[in-house]
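The following blocks contain the structures, represented as structure tokens.
Two complexes follow with subunit A in common, the first pairing it with subunit B and the second with subunit C.
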Partner chain A sequence: MSETVKHAETTPEVQQPWRELGLKEDEYARIREILGRRPTSAELAMYSVMWSEHCSYKSSKLHLAQFGQKAPKTDALLVGIGENAGVVDIGQGWAVTFKVESHNHPSYVEPYQGAATGVGGIVRDIMSMGARPVAVMDPLRFGPADAEDTRRVLPGVVAGIGGYGNCLGLPNIGGEVVFDPSYAGNPLVNALCVGVVRHEDIKLAFASGRGNLIVLFGAATGGDGIGGVSVLASETFDDAHPTKRPAVQVGDPFMEKVLIECCLEVFAADLVVGIQDLGGAGLSCATSELASAGDGGMTVWLDRVPLRDSSLAPEEILMSESQERMCAVVEPAKLDAFLDICAKWDVLATVIGEVDDSGRLTVQWHGDTIVDVPPRSVAHDGPVYERPFARPSWQDALQADDPSSLPRPTSGDELRATLLQMVAAPNLASKSWVTDQYDRYVLGNTVLAQPEDAGVIRVDDETHLGVALATDGNGRFAKLDPYAGAQLALSEAYRNVAVSGARPLAVTDCLNFGSPEDPDVMWQFAEATRGLADACLELGVPVTGGNVSFYNQTGDAAINPTPVVGVLGVVADVRRRVPIGFGAADEVVLLLGEARDELGGSEWAHHVHGHLGGLPPRVDLAAEKALGALMAAAADDGLVTAAHDVSDGGLAQTLVEMVLRRGVGASVTVDDVAGDAFVALFAESVARAVVAVPADRVADLEASASSYGVPVTRLGNTGGETLVVQGVLTVAVDELRAAHEGTFPALFG
Partner chain B sequence: MARVVVDVMLKPEILDPQGKAVAQALPRLGYDGIAAVRQGKRFELDVVGEITEERLAQIRGAAETLLSNPVIEDFTVRVEDAI
Partner chain C sequence: MRVGVVTFPGSLDDADARRAVRLAGAEPVALWHADADLHGVDAVVLPGGFSYGDYLRCGAIARFAPVMEPLVEAAHGGLPVLGICNGFQVLCESHLLPGALIRNDHRKFNCVDQALVVESTATVWTSGYATGQRIVVPLKNGEGGYVADEKTLDGLEAEGRVVVRYAGGNPNGSYRDIAGISNERGNVVGLMPHPEHAVEDLTGPSTDGLTFFTSALKAVVGV
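Here is the complex of A and B:
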């Protein structure tokens, strides 16, 4: 028997467990003020979960507003921040929706299921926009590669992503795998999904039209992740309180697959008014958000929700995060057709509520009213915090500790040894141990996938229109300077997309940080969001949506601030995409852009010296834009046969990857690149790419580069079975391959 | 030699997609009257020598660390007749 509103009205003195549910005293007081009485237990459950950091963005909201205020003018954005995912016009009547989200804490508790349900959740976000999901990507971050906990978490996470995504039949076209001690005990498992939709088919999450019905469809509701959202995302793990761990959510990708097909058929038949996926906070979130975004109120008969576990209390049903569920708003006249399609796909569908004009969200339980609230107060008018932030006292010392005092290799032998050490470093080594567990080509539209710079998917079979996607983030850069670090993440993702031959259009971001209650962390967050918003404005790519993950810390030690940025670009003709690998001998190898002695936060300093200090590479968005424009033109004109950006590990890593991709060697000189061979090979200056150009097109490329103001340095030629840096080092392709590809199998079996 | 059996089942509150798939297939094949199916794993360990409390404790340790995933699964350990 659940507590009724009537009972709450007559018993104002009852003590309620608001603190245990993660609410602050003033928040509880506000709930009482909103309702004019104490909340019922079901109302308390709803408010606590919807006002948690994870659902309400209460600490980040003020800062995230910049993404709207500073948004660049663009006609491409069809749906912006605030919906389940942003939607971008890519031309020819096609639109693309994409978003990245975190599933960090669940993946630490139970790596396989945590990562799997992370994929499932982001896929449903994309479905709820009316789109067909076409690809996923997973940016992952772990503690040191040889740490025991990484050995537990990484294989489970990778298997979970592969298991869910492969069963679902979605190609996994990219992402990242990064190791850093700061992620020990706090792995970052971010998941991105991209979907394709015709303009006229875009769906939004709102419940309007009095008398319309709320249909819950998909899996039955169980005790999955009860309180997971509020408890997990609001407080750090502490071994002393294992009871706070909720029931792990288990995904069922085959259920999700039929749900996708069922949704698309329902959309095609125009049977829904609004639609919402069920993710964090389950029905509490879906019903209050639908009602709040609509034009009236809603009544939900909670006892009609089909249950997997009949002992669940109504509070638990409201909070359950059972996977593979969706909520639709359906006109009564269309209900039978809707239910027929669900039956055809073997999808359970139940009318659980009705839209009305009461302005209230009421929830009934066997005839009693157990929730009666203004929906906006739950979904959209949650608390907003102006958290104090201050530049950390250690920031100056960190920036002063620059890597200039680190011993550098100088002789040819030393540089050769350093190069082989670097290409085998866990952060730079081949990730095929991971990506080979993912299906990269299912659906048959994958044009490029890992280890290419960007994933490229064909959207239209006739016109060859496609999209390119890349995600990047560098926690070390962001730790040294969060403002610049966030810009550098964008800069790199933008470059990866541009180098593949795409025109960058829009951004999604997953902001992974420590506790917002720590002023140091909050400063990092404020700086990173400001930096990202400024850079998006300058590069002309709006943020369309994303997610914030706070409380990634163990005790007082927060992770490196890690804004992960995904950039989406449009490829006019996917047949003109540019791969990273040298494809033929006797082509000319050119470096675009300028190198400087920039090694602060570099992979070299990290891997060889375990050093983090100084300043990250200088941000140069104008140069990035020029390089992007040049690469787009070069792809259109078919000037380049291969192109690869220069980033982590510097020019050396870029050349090695271009050589190894198809086993075509190269002979280059770096005498004209920078002061000395070491800086030339390992500095991580931005806005650079290496390209291969047929000998008879070099003049054309140089002319084009000059018109865009991009400096060009001739490095040498492709060919042979070695990588030669003239006067410095020679390494056989086989030796490079053994070093580059041996690391992951040695670590993870 | 004696045999020790370790049965591993998903915790009752955890979704079991395989069991669910079996439950849905049964009526399609004409096997009616089955309300729910949960699927688990059975390990048979043939133990050298006598089964002592100490040995069983060891096996419980193995069940907790290797045979099951205690985050989402429960297990039981029992001794079967000698083989």
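Here is the complex of A and C:
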């Protein structure tokens, strides 16, 4: 039996393990103040997990508020920050909901299950908005590619993402794979999901209507993901109780697939008042969030929760992060219909509670009250920290150490060797070893997928309406200047969506940082959020939701600050999407935008010299906006047959990828691009793209570019079986392909 | 012509198969695993996916689904049946086709645009192709290695029942590069690659897969 409220009232002196549960002394005192007594062990468990950094955003809240305060005016946002995921209007009565989240720490401990359940969790977030999930993407970061631990973590993470996502039937349409020593021991596994929903079908997480029922459906509850809370169980129970619970959850994608279909059928039949997924903090989170967003209170009969392990203590049931579970609020008159649909899909469904007008969340355990709290105090009134931050003492020295003194290749032979070295660099090499383990075809609506600049999904078969998505983030840039680094992440994702022929609409972000208790890291975080909020305002794309992941560090060594930014765009007619590959010979190759001698934080400095210093490329959001507008117009008018952004690895990498995509070569000159051939080929200046244009449309494109104020440089023509940079180098397509595609198989088998 | 597409719990490419049927000019009919009734359809597609999670041997549970009883009987009677990927695995488990599908030899899930050679056009599902025609359709699976004993393999080849063979390299260790086979009568065909994902220029690597569906339409209604 568990400790009752009555018992807690009469034993105020009992020592409780609040410190072991991660609470601070003042937080524990505040819980006592809220309740007017000491918490029961179940209440303590709920507060401790809901007031954790992961659930309460206590260190980041103050900074994240800028995303609301500085949000650009837009009519596109139907549901903003605070719900399970933001919802964006894409026209024709369709809406899209999308969000990126981290599953970093579990993926280091147990790569396969950590990554798999990361996919599962974000998919349920999307489902809880009433949407059908239609695609996933995975931005990943690992330690050095040749490090032994990377060989453990990466294959496991990729297999986990594939094993779960493939079985779920969601196409994986993009993402990133980036290596840097700063991620050794702290890999980043971010997962993004996008779903579509008709405007009238959007669902929200709230429990209203006295007498309505709380139905838990999906998998039974087990002991997985309980982690730290086992300390309570071992304190409360005798030795016979299993004490050590696994901290990493285990996923069952088949259950999630039937849960998706079951939910969609339930939504279509209009059988729920509110819905919430069970993710971090399990039932504690779902019940307190549903109740506090509703208009009354809630009673939960915890002993009715179906269990996989009958020895679980009530505290553990409240904490369990068992996967593939959802909570619905259902009117009593609709309960039978709801349960019928669950039975059709063989999904376990159990009434575990009821909405009431008490204003309290109470949890009963075999007739005893073990939790009696104001739900808002658990879900929303957690502590808010004003963490101290200060510009790191080393920041100036880092910025002063610019790459100008690094030896640069000058001769044709040197440049040719550098180009081949770069296209084979782990960060620039073909990622097909990874992405071929993901199903990109399922659902039959994938118009573009990796290695394209953006994933593009058809939403409507009849009207050809679609959406485009890209995620980007450059931790090296953010380390050099976190304000600019966050803006550059947005800038690149925005560009990737725009060059694919889409109009950028909204943003989701996953902010991966070290410990917020370190003022250096907190400064990086403050700068990055400020930079991102400012840039979102200027580009007119609001942040609709996302996630913060702190404590990505080993000892005192934090990861490079890594804001990963996802941009969603709308494509009015997916038949006009623009692929990256040259498709035919004798088309004209043009560079849009301007290059400068910008190599600070570049892939060249990193890969060739192991150097990180100086300043990142200059942010130019106005130029980015102009390029985006030009590309949208060019796609509408069918002016370009291929387009690819210039970013990591510079113009050289862009040209190589355009050539390799479909095996059509090109001959170009870079004499008019920048100061010298090296800068022209490897600088990473922003707001640039290479396009291929049929010869008879070049004048039209140039006129359009001029009207948007985008500089145009003629590079050359497509065709042949080589990439020629006139007067500099010539490489056969086959040789490029061998270099570009050989790296991953050599590293990972 | 009405073509049934069976949905098992865990089927993933059922909607895609229905779309392919529609694009071929036939009427797709959704069939449910728990309903032991084919509702008078003229042909059936068993789609790709992970029926029942495929936690046991792939397709091993699906073969016991109620819908399989009338399906197996009708297939013996000549009903055109196409099993794609998981559907192929179900057909093997149901003994409508010989052999079995095992884990890829490289132990990874593999999603690629796969070149195939159509070797038999004597089936209901491939009559629209030319013998020896090279096509490209997506292949995506973790357990796509086709295996059978030597005698069975010799028999399949001797009887012209190897319908499609992998070209340009064997992607998964399938014996004799076999990608798909048929029964003796040619009405039941199973293959690991996904013709239903190659029916539109917009979403597939080609439209080569459409001919599977138009072939069946022609065989049934004679147009």
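Everything below uses one rule, namely that the second predicted complex is superposed on the first by the 728 of 749 C-alpha atoms of A that agree within 3 Å, B and C clash if a C-alpha of one lies under 4 Å from a C-alpha of the other, contacts with A are read in each partner's own complex, and residues count from 1 in each chain.
In this section, contacts are C-beta pairs under 8 Å (C-beta built on N, C-alpha and C of every residue); 3 or more make two chains touch, one makes a residue touch a chain.
For clarity, every value in this text was computed on a predicted model and none was experimentally measured.
S.K.: Putting subunit B and subunit C on the same copy of subunit A, do they fit or clash?
M.R.: Pair status: fit.
S.K.: According to the stated criteria, A:458 is in contact with first (subunit B), second (subunit C), both, or neither; which is it?
M.R.: second
S.K.: For subunit A, which side has the bigger count of touched residues, subunit B or subunit C?
M.R.: With both complexes superposed on chain A, more residues of subunit A are touched by C.
S.K.: Given the touch rule stated above, what does A:442 touch, subunit B (first), subunit C (second), both, or neither?
M.R.: Second partner only.
S.K.: Touch check for A:346: first (subunit B), second (subunit C), both, or neither?
M.R.: In the superposition, A:346 touches subunit B and subunit C alike.
S.K.: Is A:169 contacted by the first partner subunit B, the second partner subunit C, both or neither?
M.R.: second
S.K.: Quick one: classify A:323 as touching subunit B (first), subunit C (second), both or neither.
M.R.: Only subunit B is touched by A:323; subunit C is not.
S.K.: Counting only touches as set out at the top, which of subunit B and subunit C does A:109 meet: first, second, both, neither?
M.R.: After superposing on A, A:109 lies in contact with subunit B but is clear of subunit C.
S.K.: Treating the CA centre of subunit A as the corner point, state the angle out to subunit B and subunit C, nearest 10°.
M.R.: In the superposed arrangement it comes to 60 degrees.
S.K.: By the touch definition at the top of the document, which applies to A:252: first (subunit B), second (subunit C), both, or neither?
M.R.: both
S.K.: Quick check: superposed on A, how many Å separate the nearest Cα atoms of subunit B and subunit C?
M.R.: When the complexes share the chain A frame, the smallest subunit B-subunit C C-alpha distance is 5 Å.
S.K.: Considering only the contact definition stated at the top, list the common interface residues of subunit A for subunit B and subunit C.
M.R.: In the superposed arrangement, which is not itself an observed complex, subunit A uses residues 252, 254-255, 346 for both subunit B and subunit C.
S.K.: Give every residue of subunit B touching subunit A within the complex, in rising order.
M.R.: 10-17, 20-21, 24, 69, 71-72
S.K.: Would you pull the subunit C residues touching subunit A in the complex into a rising list?
M.R.: Touch residues, subunit C against subunit A: 9-10, 12-13, 15-16, 19, 48-50, 52-55, 108-112, 138, 140, 142, 194, 196-197, 200, 202-204.
S.K.: For a test of understanding, state which residues of subunit A touch subunit B in their complex under the given definition.
M.R.: 109-110, 113, 219, 222-224, 247-252, 254-255, 308-309, 322-323, 346
S.K.: Can you tell me which positions in subunit A touch subunit C when the two form their complex?
M.R.: Residues in contact with subunit C: 159, 162-163, 166-169, 252-255, 257-258, 345-346, 435-447, 458, 461, 574-575.
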